[in-house]
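In the two complexes that follow, subunit A is the common piece, with subunit B as its partner first and subunit C second.
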Partner chain A sequence: MGRYILKRIVSLIPIVFGISVLVFTILHLVPGDPASIMLGTNATPEAVKALRQSMGLDQPLVTQYLHWMGGLMQGDFGVSVHTGQAILPEILKRFAITLQLTLFGAIIGWSIAIPLGILSAVRVHSSVDVLVRVTAMLGISVPNFAIGTLLLLGLSLYFGWFPPIDVVNFWENPVEAFQVFVLPAVTMGIVLAAGVMRMTRSAFLETLDKDFIRTARAKGNNQWTVVIGHALRNSSIPIVTIAGMQIGYLLGGSVIVEQLFSIPGLGQYILDGIYQRDYPVVQGGVLFIALVFVLVNLLVDVIYTWIDPRIKY
Partner chain B sequence: MNTFIQRFAQNKTAVACLFILVLITLAAVFAPFIAPHDPTQMFQESRLQGSSSDYLLGTDQFGRDLLSRIIYGARVSLWVGLSSVFISAAFGTVFGLLAGYFGKWIDSLLMRLMDVLFAFPEILLALAIVAALGPGTSNTILAIGIVNIPIFTRTVRGAVLSVKNLEFVESAKAIGAKTGRILFREIFPNVTAPLLVQASLAISGAILTESALSFLGLGVQPPDPSWGGMISEARRYMELAPGMIVWPSVAMTVTILAFNLFGDAVRDILDPRHRSK
Partner chain C sequence: MKKRFIASLFLSASLLLTACSGGGSSADPAKNPDSQAGATGSTQLVIAADQDPVGLDPHKVPAVSSNRIYSLVYDSLTKLDDNMSVVPALADSWKLSDDGKTVTFKLHEGVKFHNGREMTSDDVKYSFERILNPDTGAVAKSYFSSVDAIEAPDKYTVVFKLKTPDAAFLANTASAYASIVPKEVTDLNKEAVGTGPFELEKMESGQYVLLKKNPNYFVEGMPKVDSIKFQIMKDEAERLAAIRTGKVDLTTVSADSAKLLESSKNVTIKNYQSMEYSYLGINVAKKPFDDPRVRQAISYAVDRNQLVQTVWKGQAALTGPLSPAQTIWALDTTEYPSYEHNVEKAKQLLAEAGLPNGFNTVIETASTYPDMIETAQVLQQQLKAVGINAEIKQLEWGNYIETWKSKDMDLLVGRNTSGVDPDRSLRFFFSSEGSANVWNYSNAKFDELVQKALEATDQTERKKLYDEAQKLVVEDAPNLFLASPQNFYAVSDKVEGFTPSAAGEVYALVKASVKK
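Take a look at the complex of A and B:
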């Protein structure tokens, strides 16, 4: 097990290297000179030159990359052009918020999706099944920002309720934190639930067709012993796969949801970076989320070996 | 091909979705003739109105006709969806054919590259590309096109691997066919079915991403109407004119739903393993 994890981590090194090159390349493709774009049209040539020098933009690209990479290795993501503050501490602070939001959303999504997906597979072709399938199909077809906006609209029109604006730490003030996070988390949860529901249903349909399930039924077990005791673990690989992928999409989708609900998480930091042409911030933020995404996928692979001990590498 | 059309005709969902998609496409293509007003014309005296005979779905904060904007918005969404999927499919096909057929280092190199692209949540990578290139419709198409290359490459590569050792490829080699001919005349026809399925499923994703980028103000730029941008603008006026949010959401959902169901149906028809239970 330990050796397997180690091997997986080693195999991630080229991917992580590739990610860093890609992020760096994309944000150095900026047409025109980033320094003069950042400073605007009124900047003096001296100011532009000074910024170019301080950002290292006068160096060759490879040197710039190595310099950036060297900093990253020591936990230095550079400084924001806009605020002049170090980027990594800000990323970590905001990631804590995004992570709370994402996990909250995931828990809401999973606790709706998995039971309903199972029910829909067990009662296949029943009215419950049809309802679940239609809802899931709708759920993957409505964009998350439309769901969020419609939720806000409905609540404010009919109940006159707006979520509080100030973000508070969950451990300090759970009630208020809940009020702040509940709408964005529900928004994220709905989109996630749709995908997980579809996958749970099809995974269970496949498993419930297998011989060992027939045997378990033949022994006289009741329905739910068979479903939970025998089918659940055997159906869980695709469900865990999609759940892991969805966590990654939630992290990406947090950009939109945070913007919609004015939550100062990592997504909004990246977006502000884009609006303010603060390229070091965008570069650091995008890289950070991609790395977290890679780690979540690693975690999913590790969970596989726990679910199905036959998986050996 | 005839059996495909027959099976398609028997699939009610597929036919219904195709019908809706044709309607939307026609509306988009003939927007100037169908739309009751110019989508950017401002009727200052009738701002933020509800439905009326003049403005069927009401007006926005500048007094622009919502129905006309939604019809023109379909143009943008379909254009971005189709052209970005075309880019992804074209590159994905070439990469997938090369990786699958030649194997060895070409395969490793291309697939590792795809792994790297896959390591980003879609919207984030699209966002980064648009951040670098600048907002606008063509950059949005390019960004979404690049983001979806890996999924097409994997699909095509898988299909190539499953046929490249079959006898018809061997016999083509035996009669001395050139590599290009083997790739495009012998192998490619076997790749079209999974490619078509992937393309029909990818369009809805592309439209979703476009609307999200436009919502963030980084996709299609005002005053050009796009559904995502309309919803974004509408948030400030949501209590005065809820229709500004509701109607573009409905238009978007119907379109994406139709593409999703259509894609599922095409997959069921072309890929017997996926036949829904």
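Take a look at the complex of A and C:
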């Protein structure tokens, strides 16, 4: 097991290298130039040239890449060409915010989805099942910006309530942080819930058909002992898989939700970087997200072995 | 089993959270300014801003999001009043020599930078030399191309020697891009030290910028509020909800949203005529646009009033190359014959140019701005009526700027800020050598008119030259000037004395106060 994790971590090196090359080339292929964007359409050509020089963009691409990679090796993500701020501290700060939002959203989403999914499978083809499935379909179909905008406008118009405007971390002030994150988390949770609910339902339907469940029932166990005690763990592999993918995906920053609620998360940071062609910000940010994604996948694989001891690496 | 599963989920979650807490800011004094303000009885104005500032060097960064902040931190030699006339700021008075080539400023005495040092003529000299130095890449370098030398004969006197008379010089010294900065600060993006009404207190990227009152501000009794907080809110729906619930005191809004807010209690809508205008740029070097008759035909085919109604919901004015906010200089649009909407005439002109059946072309515009896209769509419809089939290409902002610079577009929809002085709106945008002339437009007569006007010392003569230049550029039509929109602010009733105008947000903010 330990060796397996180590192997996976070592395999990160070629992944990081590959991603760095990809991001770098794609970014520099995109038309647009940070200096011209910064100075706008009223800039003189000399001003643009001077700024490009001070940003180091007049260097050949290979030199720029090596320079960036050299810094990365030493844990230096470089500075934003726009603000001159160091990138890594900013990424970490924003990642902390994204992480809180994601976990909060996931907890809301899953705590709705898993019980409902189970219920729907146990009472398959009943009216409860139909209702749950229709709701899940709705949750998948309605875009999250619509849900978010409706929540925000509805609460402010009819109840005069608006979340606190400064983002606070949970470990600083849990009550205020709860208020800050609750709307975006619910918005995110609704969309998450839909996917997990459908997965839970189908996983349970399959498990409940298995022989060992029939045996468990035959022993005279009541319905819920069978479902929770026997079926749950045996159905969790696909649920954990989809949940892990959702988390990995959301940790890259849910741009739309962040934008809508002015949550200064990782996604916003990178999106702004893209608009301004702030190369080091986008490169560093994407690389960081890729790392997180890989690590979350690793975590999911480790969780598999705990859920099902038959799985060995 | 389930319990264990959930417990370990929470455990891993909290572990992850603590692992990342190192990056988060903790125990932060600005975190709860409301309660602080309440305790000391001070007042704070909270403004919703739609973008993060991208650096605060007033000489180098033209972005609106940055400009509205450093304009409050720095002062310039002069400023504009609500009628767009130049009035004293750091300079108490100025004198122009008879030949128009020497301008002498007398500085206000006893003005202090936020670091406590007195601002003197050396700082003014340093600031302008920094702007003129090509290595700086200053936005305003081209504004001051007529400056030959700057002298500081004593502590409170600055003398500008000009190569040629420059009628736009004085108005240009009012620009925030010509802010006076202290000579000891080397990186103005990292440190913001000005003489202005507010000092930079704290910046939290993606969240807010906090400014606090400069207690030693040289203008008596200003500013009125103790602090200003720019709260970054990128989404218009969020800004609307925030102003409705009183979480912010002030925000800019679109014409559509202004309508929505009209019925809200506790919120007032304030508007003013902006200096911006939308335009259709035409590449005069490309066929068939190299024929002036084709450009004329497009002008007759376009119904500018429909644009005002559809795109701006009636909240815009017809405009020439100078926005109507430049009251002294802008010609009335009835002076331009080609502003008439006349499909027959357009068709006839096209036929004369050898294109009786019209042609196909492309309109490019920026996808970032809904008003630009709508303008392009309305134009597409209107041009269709005379047989011109235009395909619309929406470009992402960075890509749009590249296209703009390429001088290789066909038609392009954009927005300009026409500038305080007509020299900028005309010479900079349309003279053969103008930096913003990307339309390949070149007319010797026009070049001569704007150059003469720049060197004219007599205002009546200057006005006459500019009148002629405006008519000429409209007739030649390298651009169609479409509409100059109103700008809207939603203001909480807690705020008193905030009167926005095209002269800039800063003076309105300095005079604004907040009811306790």
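In this section, the second predicted complex is superposed on the first by the 273 of 313 C-alpha atoms of A that agree within 3 Å, B and C clash if a C-alpha of one lies under 4 Å from a C-alpha of the other, contacts with A are read in each partner's own complex, and residues count from 1 in each chain.
Rule of thumb we're sticking to: contacts are C-beta pairs under 8 Å (C-beta built on N, C-alpha and C of every residue); 3 or more make two chains touch, one makes a residue touch a chain.
What you see is a predicted model; the values in this text were computed from it and never measured.
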{"item": "Contacts of A:Val124 with subunit B and subunit C, given as first, second, both or neither", "value": "first"}
{"item": "Touched partner set for A:Ser235, first subunit B, second subunit C, both or neither", "value": "neither"}
{"item": "Touching partner for A:Gln259 - first (subunit B), second (subunit C), both, neither", "value": "both"}
{"item": "Contacts of A:Thr187 with subunit B and subunit C, given as first, second, both or neither", "value": "neither"}
{"item": "Dominant toucher of subunit A (residue count), subunit B or subunit C", "value": "C"}
{"item": "First, second, both or neither for A:Thr207, with subunit B first and subunit C second", "value": "neither"}
{"item": "A:Thr83 touches, of subunit B and subunit C: first, second, both or neither?", "value": "second"}
{"item": "Touched partner set for A:Ala47, first subunit B, second subunit C, both or neither", "value": "second"}
{"item": "Which of subunit B and subunit C A:Thr149 touches, first, second, both or neither", "value": "both"}
{"item": "Subunit B versus subunit C as contact partner of A:Leu157, first or second or both or neither", "value": "both"}
{"item": "Doubly contacted residues of subunit A, that is, touched by subunit B and again by subunit C", "value": "30-31, 149, 152-153, 156-157, 259-260, 275"}
{"item": "Residues on subunit A engaged by subunit B in the complex (per definition of touch)", "value": "14-15, 18-19, 22-23, 26-31, 124, 137-138, 140-146, 149-150, 152-153, 156-157, 202, 205, 248-249, 251-253, 255-256, 259-260, 270-271, 273-275, 279, 282, 286, 289-290, 293-294, 297"}
{"item": "Subunit C residues touching subunit A - in the complex, by the definition given at the top", "value": "1-2, 5, 12-13, 16-18, 20-27, 31-32, 46, 52, 54-55, 60-63, 134-139, 141-142, 187, 189-190, 204-208, 231-235, 237-238, 240-242, 244-245, 247-248, 396-399, 401-402, 404-405, 414, 416-417, 428, 435-436"}
{"item": "Residue ranges of subunit A touching subunit C (in the complex, touch as defined)", "value": "30-33, 36-51, 54, 82-85, 89-97, 99-100, 103, 107, 149, 152-153, 155-157, 160-162, 165-172, 228-229, 232-233, 236, 259-262, 264, 268-269, 272, 275-277, 299"}
{"item": "Contact set on subunit B toward subunit A in their complex", "value": "112-113, 115-117, 119-125, 127-134, 204, 208, 211-212, 215-218, 228, 231-232, 234-235, 238-239, 242, 245-246, 248-249, 252-253, 256-257, 260-261, 277"}
